[in-house]
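Scrolling down, you'll hit the structures one after another.
Presented sequentially are two complexes of chain A, the first with chain B as partner and the second with chain C.
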Partner chain A sequence: MLNQLRITIIKYGAISLTNLQNQLAYVWDVAGRSAMIIFFMFIFTQLWTAVYESQETAVIAGLTLSNTIWYFIIAEVMELGKPRHDIRISEEVKDGSIAYTMGRPYNYLVYHLANGVGEAAVRMGLVFLLGLPVVIYYAGLPTVAARHLPAVFLVVVLAMLLDFFVFSIIGLLAFVTEDIFSFRLIYQKLVFILGGLMIPLDFLPDWLHRIARILPFSLTTYAPAKLFVAFDAAQFRQIVSSQVVWLLIIGAILYRQYRWAVRRLTVNGG
Partner chain B sequence: MNGLAVDVSGLVKTFQVKQKAPGLRGSWRAVWQPAVKEVTAVADISFTLEEGEILAFIGPNGAGKSTTIKMLTGILYPSGGQASVLGYTPWQDRRTLGFHIGSVFGQKPQLWYHLPAEDTFRLFARIYELDMAAFRQRRDFLVEAFDIGHLLQIPVRKLSLGQRMKCEITASLLHRPRIIFLDEPTIGLDVVAKQQIRDAITYLNEEENTTIFLTSHDAGDIEKLSRRVIIINHGRLIYDGRTSALKRQYLTRKRIDVRFAERLNGDELILPGVTILKRGTYGLKLEFDSRAVPVEQVVQQIMAVKPTQDINIADPPLEEIIRDIYQA
Partner chain C sequence: MNELKFLRTLAGINLASAMEYRASFISQIVGMFINNGIYFVFWLIFFDRFGTVRGYNIGEIYLLFAIVTLGYGLAYMFAGNTGGSLAYLIAQGRLDYYLVFPRNVLLHVVFSRMVVSTIGDVTFGLIAYLFTGRFHPLEIGLFLLSAVFVALILVAFGVMAGSLAFFLGNTQYASQQLNMTMLTFALYPNSLFTGAARFMLYTIVPAAFVGAVPVRIVQERNGLLLLGLAGVAALMWGLATAVFYTGLRRYESGSAINVNV
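The block that comes next holds the complex of A and B.
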């Protein structure tokens, strides 16, 4: 059994490593697309500096200007660095290459998860490194304590897993609809507003903040960013519990949807 | 004695296809009243395939060939019927079956586009849980068979179609599949690359007893590789038999190329039922129906015209035979 576990880890690890190599093979192209973070961070910095100055206060909803700028770089890393396996699944259905990717001796969704890890490693790293000079110039070094980093890392991992589950559900719709762009767009906009990508949830009206905190969108973006800039043990426990609950709920939906979708798969070109 | 590699019984696959009338009005109507038509891609086909057999599974575009392959490899669920591949039900045992089968879809890439083929080979060694020493031995053998040693370090995007196809097939053979599904493996290739691929397929079948399930529009692939042919059209099986019998059954037309020792005058050979396809100064190309005019009679007539230097009797290309069957 241990040997089988070792073989399975090696198998999926090899998939991650191969996509990592693939991303590095055209790293300048990926870097070029990630470079927009420099402009994003510059605009965010100017905007929030103006907001803090207009309020004539150093702290809004418990966050300093430096906290807010660091919040946005982490939120953007989570958003821009996430793998786009739903699009890949859609492309596989459209070009028929799913005949290869589904026919191999592995779990199709775990294959995409492993693939996504390799992709995310490069993309998240690049977005962070490219945005970092702007953030350090305007906000200085982060205030996060080193002892909190493992807890933040755990929340990041669970956030990515949750995102993976949601995008898998969207991707599997391609088995029937082929194109999933509209579904992806709706989810992205929900994350944008209710996930804390446009504005930290702490700055929202109290009633909206409370609703957003219950929904899963905030757990993929707001949660890791907020804990990175203002770690709180109670909030950490609440976030991890919520992430686990949503993983179970969305995981169950994904499981049912996978079984439903594979029976209805239509592949272009026969 | 070989067992059954494939056992298909009453296999059916239907798809729901959206319909839209042409023009803006059609588009508008499709938004509010989407019309869906049920299309039968595979209609109740049954056949068996023994281990170690080479089967050419052919038909015109849209006949249901690829859909059948995708059901036999477990990608698509059938709408009806049963299938067993190496004792497994493909759509239920897809992952286990995946260890024992290989597939090559000539028009779809499986190699990582930005990486050299060697990286995909190593990945497949892990995916198929191969012992790395055995993998290296197998890879080296295939690399030599396909003569691709000089291509292994080049990103796949830089390879020509023929080079890429040889790498694609190599990738599908690394795990020594017991049955390999080849969906138009020689499409778009030059004669040299085609021959290399045919030689490798023949070797795998003869030396490793690999069952080959081949679809191709290339008559050369079918004639040179398979002793058995199944033809499907509109999802229905219309022929299942030996390649030679197919040719005999449908091949009543013969072609004769003859070269005479003396110059021709122009009106030497007038036979009912014989068409002169081409007339040269010293040669003739004839076609006739052997049911109407026996071959011996035509040959005797030719010999009576003038002394002959060379004579060649041939069947029309298989693709013409297949075309005739489709049209029938």
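The block that comes next holds the complex of A and C.
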């Protein structure tokens, strides 16, 4: 049993490592693709500086301007660092190569998860490093305490897992619709508003804030960013428990959808 | 005249080809419409919460979105092979196909692709304009003309961004990001930016001519400024043509066999 687990970890670890090396081999290409963060952060700092000026206040909903700018870089790291495995699944469904990839000696979804870890590590690191000079110039250093970082890291990991589940569902929808462009777009845009990517949930009107807190979108973006800039133990516990509940719900949907997709797959040998 | 007829035929073929996959066609259009709608919702929430910021309020944003999305939609509905797509064709040696035709190479390449989702942008732009409450015929005319010039500017900028591949090799992502940068800056209130950033928006990445200037044209019913915008569009097309054909002299044909369907 333990030996089997060890072999499984080594197998998927090797997949993560291979993709990590692959991403590092083309690090300039990845950096080029991540460079938009510089412009995004510049625009966000200008916009929110103007907001704090116009409100003539140093704190809005418990966040200072510096907190808000740091909030946005963490939120952007979560958004731009995401692996794009849903697109790969959709392409594999469209060109039929899924018949081969599903037949390999690994779990298809766990393979994509392991692969995504390697990709996300490089992308998230680069997005953060590229955006950092703008953030430090306009907001200074963050106020986060080192002892809170492990808790934030846990929330980041659960957020990525949740995102992975949702994007897997979107990718597998290609079995029905072939093109998943609009599903991906709609999910992304829901994260923009209800996930807190464009505006922290604390700045939303009360009624929308309450809705956003119930839905899972904020758990992938707002949660890590908010805890990074203004850690609160009670909020941390509430976020982690919500993440676990949503992981169970969305995981169950994904499991059923995956089983259905495997049954639908017809492989003609030869 | 002949060229116009040719471009019309290309647009017709592109549309017919896109409509072949009906479900995908509709879902892309609806998806883009919702995508724009979400940005719209963001600004509604934003101004509801914070009121006027640096002279901009929701009225200006309605107009800004109407012009930029209509202009962007018109640009990419007819001329989708710019920016990253153009850079890809150049880097992969896929221009060969276009070079053998007795047609204007630049127009043929650029107008050979339709980005289906931009039909959603066009629809969104027209609906967004209804929210501005500006129904004077002069304002409507200025809005539509401005959107056409915005489209011309976006295509010209996209041609220049894509043509970088002639000089720098595979710039697919860099060209794509230049286009994205232009669009992103255009969709934010111009008054947020000062100093060097503002200068950049009127020169290297001329997003001001895609967003802020057309908004002023409609708000002030400023025909003179519209003429200025037409001048900028002409200048950018002149530049784009020069950059493309200068680059084309450096183009090296690919040995790969490509099938264009």
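Basically, the second predicted complex is superposed on the first by the 264 of 270 C-alpha atoms of A that agree within 3 Å, B and C clash if a C-alpha of one lies under 4 Å from a C-alpha of the other, contacts with A are read in each partner's own complex, and residues count from 1 in each chain.
Rule of thumb we're sticking to: a contact is a pair of C-beta atoms (placed from the backbone, for glycine too) under 8 Å apart; a residue touches a chain by one contact, two chains touch by 3 or more.
These numbers were taken from a predicted model, which means no experiment stands behind them.
In the overlay built on the shared chain, the residue A:Arg33 is in contact with chain C alone; chain B does not reach it. Shared-chain residue A:Ser54: touches chain C; no touch with chain B. In the superposition on chain A, A:Leu204 contacts chain C only, with no contact to chain B.
Once the two complexes are overlaid on the shared chain, A:Asp179 sits against chain C while remaining clear of chain B. Applying the stated contact rule after C-alpha superposition, one finds that A:Lys189 touches chain C and leaves chain B untouched. By the touch criterion stated above, A:Leu154 is placed in contact with neither chain B nor chain C. Considering their complex, residues 29, 32-33, 35-36, 39-40, 42-43, 46-47, 50-51, 54-55, 177-179, 181-183, 185-186, 189-190, 192-193, 198-199, 203-205, 208 of chain A touch chain C.
Chain B contributes residues 15-16, 41, 62, 64-67, 69-70, 73-77, 91, 94-96, 98-99, 101, 103, 105, 107-110, 112-115, 119-120, 122-123, 126-129, 155 to its touches with chain A in the complex. Interface residues of chain A facing chain B in the complex, by the touch rule stated above, are 7, 10-11, 13-15, 18, 21-22, 25-26, 95-100, 102-107, 262-267, 269-270. Remark: chain C residues 21, 23-24, 27-28, 30-32, 34-35, 38-39, 41-42, 45-46, 48-54, 117, 173-174, 177, 180-181, 184-185, 188, 191-193, 197 touch chain A in the complex.
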